[in-house]
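Structures given as structure tokens follow.
In what follows, subunit A forms one complex with subunit B and a second complex with subunit C.
Up next, the complex of A and B:
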């Protein structure tokens, strides 16, 4: 049984006469206790996806359709009060820019216990403080951080604070939005290891947004490749990375440096840039940039097809049926 | 914190001294001379001029005059007015209270109303109401306060006869106690309105833009994601972050208001510093002018220190840097 299942989720941004389809009928499942990495270049809709399921997109100019079930509860149509209760208790988030993730003029502990007491108003201030200090310890921070302001901490420490904050209620689903991108590699590895250890200890399901293939390779069981709002490929990380089916995934992997590179192949980039999502190409969304595109690709968008256990790809050419 | 405060007070004193030097130079460099004005244009008596010049020490070198002035100042003596022969300090205190009353009331009212309107519009960004209020704010911003004052007199005093045209108290009615307070308040309505209406746009725009900016900050998204209700986010976090620029503007405005309300004071014949400064200038009353400018520079310096201290208390990032 999937903890989170997303069904036909579409998000359209309206601005004047332009209608940008940022997410196009997305289907995705995450099983309990697993970890999913969502990769894609900037503008592929990764953040839109999590903002949509958390219902954090601005009202009015954004149109959301489809469904997202968390633990059987549908999020997109959920009432505001229930949503407020579910947020953080069942799904928590670690943001990319953790330096700006907390109010600069409030003490870290004061803000954290304020959040704690929103969900648990019966808890005394003293007990809230104890719980916050516990959380800080959990992410290897001294308890004096409670009385510090965000600007007094380093980037790595603030990242740990953000993680501590996200673990406050042992959420079932933890979403990390480029949570380690801004950190140096050493701190990043440290924090990733800590996250993986904590998630085993607390039984957390993790969804990780990143454009760093190495992060996905080292920490995620499954991977989903997102491009221009469309899901192009998904499956076990090892399968997808070793044998990518979609030309876009192949390109992504080729564009990532390999250290033990004996063949000394130069890095390859994918030519062109994301299509204008207010007037997408008629056929496959990746066709204008695809080096393998054929006539069929220019005519219709391929559907997501299953290739083996839990392995999906949306490409006319996948699976070697038509090989060019 | 106390070290920070000490340093700020020291720099404040330095600023006041520099202002004192500049004031002295400007006042003495200006053409005209108090003694000549005192003895009159017709039939000047050279002997009388010489005697008076000597009496007020104006025959001595400028640097000696300045030294003596500063020396007396340190003893707490601001000198005696050349024109009225009254102690400068007494004259200023008499005039400072009405100005402070007017300026403070207007500044506080403008800050509260302007900020409230700013919040109102910030929560309705892009709506027609927001656009209309924005235009109205520019209209009031470009309206000179003295013109507005005259118009208010024309409407409420001359035509409708509901409020007094000028002054601070009704000379004919000998009011005492509460009736007197009420009378003063009645006289304050028009000048305070003229000042407040032209000040509101500053606070309106600052509050509106800084709230819009804070609403777009990452930590607001964090707070929303934690399930905090919007009302609480606004009251506790957006407002607290967005109020900082308003405090800065309030301080600067306050400093200017003591001098800036001069024209409105003259329009309403308000017995404050405004008309007082004008007469002191036309009479070239050196000790009085020096005294007035000293009081103004002290009030500016004090306001700046108050704002800085308040700011560092409200924004931990500031006090940290100056520890």
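Up next, the complex of A and C:
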């Protein structure tokens, strides 16, 4: 059974007379113990997706519809008290910029034991400290970090603190929102390796948001390609990145500079830019930028169709044939 | 360097042992507990290279290695602590003292974030026309306007008239970065420094910007210094690559040579950590212990020795020279 299943999730931002459909009836499943990478350019709704399932979006101006089940519990309609319990304990999030996520006026130890003792008020300070030093060790940080302030740490160390925080209660679902983007390549590879090792050890399911496809290629089992709030393609990483079915995925791969090959293949961009989501095109959402678009694409949005085990793509022309 | 001089060809840009040190105002606490007063930060610590007309030099390295400071020194946004920069054989110091405007015409910079590059209250038309007016190009504004429209159309910003009245915030990052490149290239400078010009942009549009930058540079025979932390992109655009670590160049050579046959242990580690998008390809990243160090309390020997997998005791004692291995290849390591 899937650990997280998202059903028909839509998010609309209202501002004045504009209604921006940031997510358009998204369906997605993650099985227990697997890893899913979500790729797409900025503005494609990646962050909106996780903010919606974690219920971190502001009330009032945002309209959320649909369902998201984590371990059978529906998150979108969950009561606030139950939600607070679930955060950190069952699902945890690591943000892109830890320097902004950590309090600059508190020592790392104080910050971490605060969170620990809110969820487990019966634990003594000494036990909390022991547990936190254990966590720091888990992410390869010396225990002296407990008494340091965030500004005394390097970017990589702060990111490790954030990861240690998220692992505090062995959450079932770990969400990383561009967690390694701001880091140097050497540090990034090290931290990614550590995360992969930890999730095997602790049995964590990981959802990873990134725009760097090489990160997905090296660490995720499944990949989902998001564009303008729509899911365009999903499947095993080894299938999607090697033989992409959707023209958008193909374009993304062509625009990524390849290091390995010796021939200087010219890089190609995807022309145009994201459509205005307050007035999306009538047909396929990608049609205005698609080089393969035909008449049918201007008329109707293609539905996700299955191409083999767990492989879905939303394109009329996928697989070389015309699907209605 | 000497080879080129004997041919009678003067390089467009020659950098001789430039350094930029900053003095820290606060006390600095080193990792082993010593307190330093007025510590020196060796941001750029003895960099030398030459650049020929129309050549693209890529500069790569981790954050904090001094690559951006180097870029700012080259266009003279900052003065070096010591060392000299020669532009077509003339000292940049003298050039800027004699005629600042003319110096700015020969060296230009492209910044990372195009939204910070322009005054948000100026329309695109004003941004371009002011530059032309300042450098006394064109008789009157309608003539200048014609030049601008022609330039905009040449890089695919069509219809150009529709862009002229817009303000920077009304354009996408990719469009604005194109305008930034265009403005830098408009006066046909001989040296352009591009500091992470695409790292703010989406992957799907980066390629166009890179190609445009490359083509305009080749068209005007402009020398380009391309600063980036992205090794794949740098390799794609560069003729030569210089790898920086703690303010010094540790390896320099032809782009393909450095990428496929790295010699310095730091370059090897960097390149092995550069992941591919093909999930089938195996990669065995070289691990570097420790954190990237700060350029404050520089070690006596090789700066990379504390993290180097190949380090021998003698590496920590004596400093390394950038040695010439022929065919434009320079490596700063005694083990090679």
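One rule holds for everything that comes next: the second predicted complex is superposed on the first by the 319 of 324 C-alpha atoms of A that agree within 3 Å, B and C clash if a C-alpha of one lies under 4 Å from a C-alpha of the other, contacts with A are read in each partner's own complex, and residues count from 1 in each chain.
Here is the rule we use: a contact is a pair of C-beta atoms (placed from the backbone, for glycine too) under 8 Å apart; a residue touches a chain by one contact, two chains touch by 3 or more.
Being a predicted model, the structure only gives us computed values, none of them experimental.
In the superposed pair of complexes, A:208 makes contact with neither subunit B nor subunit C.
In the superposition on chain A, A:226 makes contact with neither subunit B nor subunit C. In the superposed model, A:186 makes contact with subunit C only, not with subunit B.
When subunit A is checked against subunit B and against subunit C, the one touching more of its residues turns out to be C.
Contact with neither subunit B nor subunit C is seen for A:38 once the two complexes are overlaid on the shared chain. When the shared chain is aligned, subunit B comes close enough to touch A:118, but subunit C does not.
In the superposed model, A:49 makes contact with neither subunit B nor subunit C. For subunit B in complex with subunit A, the touching residues are 217-219, 221-229, 232, 236-237, 240-241, 244, 314-317, 320. Listing the residues of subunit C that touch subunit A in their complex gives 62-63, 172, 174, 202-211, 229-233, 235-236, 256, 259-260, 269-271, 273-281, 283, 285, 287-288, 291-292.
The touching residues of subunit A, when paired with subunit B in their complex, are 54, 56, 83-89, 92-93, 95, 97, 100-107, 114-115, 118-119, 149, 151-152, 165. Of all residues in subunit A, only 41-42, 154-157, 184-190, 193, 211-215, 217-218, 237-238, 241-242, 251-260, 262, 264, 266-271, 273 touch subunit C in the complex they form.
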